[in-house]
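If you scroll down you'll find the structure; I have some questions about it.
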């Protein structure tokens, strides 16, 4: 376990100390769980009052916090600094197990330097695994798959034949890449499988969550752009194209051939129809159902999607709908009576 | 296969026999599939008439059924009694295979009495597995994981490093516990991974369905309370806290740090936003989208959630919406004409 | 890689050549990616103009395309013909690995002719696997399971004890068949597991997508009918009955004991409550929530489901709801003023 003074941490995190620079930090913790020796943080002003009661020895805070009953590390980006502190006090474990004799590695596979292949991992023909990559138990790396350097494939990952991964890709447990796309030709009332002969390409610095499924292309590539982060239980169909630095939250589903632009954010359980274009920096609210393309930068929500402000108003009105219908009925009667009395004819009726 | 008289069964199930006590029962079956020798049951009054036509030799029924063309076992809780009968006639298989030499068990792991570890299971460093627990093929038990007594880990389960399970926990096939939470700090337009250094804690008597994913906490614990039952393909994010005896139906998704109170029930495909408090005994209808906290005992449904009665009325009105809009347009014209004729000014207009 | 003249292909695909019959084809590709030597296709009239710019050497087209700057293969069913061409140029790989000594096959299991069992596959007691079936790494075939001929079980498939598969069944990576259904009896405020003693039966020519879960029946069978195709991450609960040639798109969830008729189509993320009857040839739009049974042939969508035309109109009106409420308020005031002036009493008020 690491052990550092606040002064040393300030250097490392590019922060300024307020209070005792010699305070010794031995761990990190959330503001409510923190105890003596822990470094904690406050980014959200809502939680600032907890500085008065936390058991932590020091806290990372933004510049507008100037006083508190504990030592402070001041930085304009408290969350980023805290992330670094987590890395310092919880360095990622690097199992140095080499190539387990209990793994199955085809003789034609090419393994880089310092690769770790755990027991019960399977590496197929002509597969290629880059330097320092970890392959945990029960990973299936199919024939001709190429995995880059410094990747981590947690247990139960499947990468089917021919798929390509860049460097520093993290696949959480149970990710399935390159399963056949869902494509059938109808003939005589039956569904005939269309061969799915494309691949999945995953670019550098992508992370994919547990049990997420990304289908191979019918032809060509299903592509996940650099830096994109995908949560658990997401479904991406054949020939989907995801841009760079995109966020797909859990249980999102995207149908075939749809493209998603750079830095777009799709919240949980969103569904997107096929053959659409979701623009760059689009944001789509949770549980939305997307049936048409969306221009760059739009913030939308709902089934069907509408501008976010409209969505909020519409949702707020929804529960009044039964009352509105009652009122409408009453108004109709009143207006009919008034109209009759005034001798006017119905303005929409043909004379 | 067990073989019992009705009299013996009545003793066991704390029920009363109406009819021939010597009737021999050799199996259990649903009321439509049951044949000679089978015991069946009726709990729902809707299906009571099927007693007249079932092929069963006897039926478990509630006290208000007094006559039927077959022998009866009368009990105030027919469903519970039937569950016990199922256990008697279909005792759970207990493979007594011991520790397979084809499994990979780290020498530092501690295994209790009568543990069964199947071929191709992986048990990591300093892991601990309690008495009589079953670990099926392709289970990954990470370093420092602790699994209690009488647990059952079906095939393809993953329990990542440091996670803790109580006693009598059942994990169906493909459950993934302790994958990294979905947390990133934004810097320079890119997403930087926040180390996820917490764990998942699963208390006693929990059951978790196939391919469900529960992420480890960023710091601290993601917790599943005693007796909670979780269905297939559910997603629980980092630091979620689930109470005791909760029911989460399949494809539910709960975002980070949300808490769910004891005995709450979330129906299928419900989505819950992060940092909310769902009270005790709350019931949430299928496909609901929850964007704010819910008080104890409330029954809600919809996107957004509303009281269940309001939801039913609103949903019933929804399909009339286009007609309502037409009527509204017509009324506007009529009222405009009447107003003009009467010489009144628009009551909402500034003078 | 295959190499054929257009003339030979025309024979095979039952198409007519327009242009140079000696054109040599060495591959197939989408119309935008195609290059010299490639055969491409156009089915959708929208993409027809791309024939002018494609790099392909020939295209499969419907009869109403008579002229293009490349050779043509004319057929009434371009998509079907293209599927066949894909099969010709990308024949499915048939690994002929036999029974790997690294697999675990119980001595009591019965394996057909030319079966391939990969390393790290598990085949339990009295299991039976038909001729030419492929069992990839990390597949779990439980005790007494029966798998038919010419099936393909990709990696990480689980088929629990006693389940039955027909011939030519394809299970994509991570499919879980026969996990316990989600059934509990309530007693003293706790949930007591109901033994799930039934099975899953999968008929001939079914394909099931990655990480999809199908629970075993409580008693009897959960059944998937012949020719049905199921996408990724679908959830089918205990005792669900799916007819023949049904399409279930990804992330669909169907609750216990519901039946789905032949040739029905359920789009992505649809949820269906339990104990319902979905008729034959029913079509249900994406993200719909189904709370009641649906008659044969209906096309529905929405939460709750309504006829598709009503759904479209309702969805188009939804975003006008806040405006409608405002208008309604204004009308109420106007009508109140008019009523007062006219001396009429409110027609709904008791005198």
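Order as written gives the chain letters A, B and C; numbering starts at 1 within each chain.
As a working rule, a residue touches a chain if its C-beta (ideal position, glycine included) is under 8 Å from a C-beta of that chain, and two chains touch if they have at least 3 such contacts.
As the structure is a computational prediction, the values presented were derived from the model and not from experiment.
K.L.:
Roughly how big is the turn, in degrees to the nearest 5, that lines up subunit A with subunit B by CA atoms?
P.N.:
An angle of 120 degrees brings one copy onto the other.
K.L.:
For the homomeric pair subunit B and subunit C, should the interface be classed as same or different, according to whether the shared residue numbers exceed half of all numbers used?
P.N.:
Homomeric contact, different residues on each side for the most part.
K.L.:
On a C-alpha centroid basis, what's the spacing between subunit B and subunit C, in Å?
P.N.:
25
K.L.:
Indicate the residues of subunit B shared as contacts by at least two other chains.
P.N.:
If we look for residues of subunit B contacting two or more partner chains, we find 120, 138, 156, 174, 211, 233, 251, 269, 303, 318, 321, 324, 328, 331, 335, 338, 342.
K.L.:
Quick one: in the complex, what on subunit B touches subunit A?
P.N.:
Subunit B reaches subunit A through residues 104, 120, 122, 138, 140, 143, 156, 158, 160-161, 174, 176, 179-180, 182, 184-185, 187, 189-195, 197, 211, 213, 215, 218-220, 233, 235, 237, 251, 253, 255, 269, 271, 273, 289, 291, 302-304, 306, 310, 313-314, 316-318, 320-321, 324, 327-328, 330-331, 333-335, 337-338, 341-342.
K.L.:
In their shared complex, at which residues does subunit A touch subunit B?
P.N.:
So the residues of subunit A in touch with subunit B come to 28-30, 33, 77, 79-80, 83, 86-87, 90, 92-93, 102, 118-120, 136-138, 154-156, 170, 172-174, 207, 209-211, 227, 229, 231-233, 245, 247, 249-251, 263, 268-269, 286-287, 303, 315, 318-319, 321-322, 324-325, 328, 331-332, 335, 338-339, 342, 344, 346-348.
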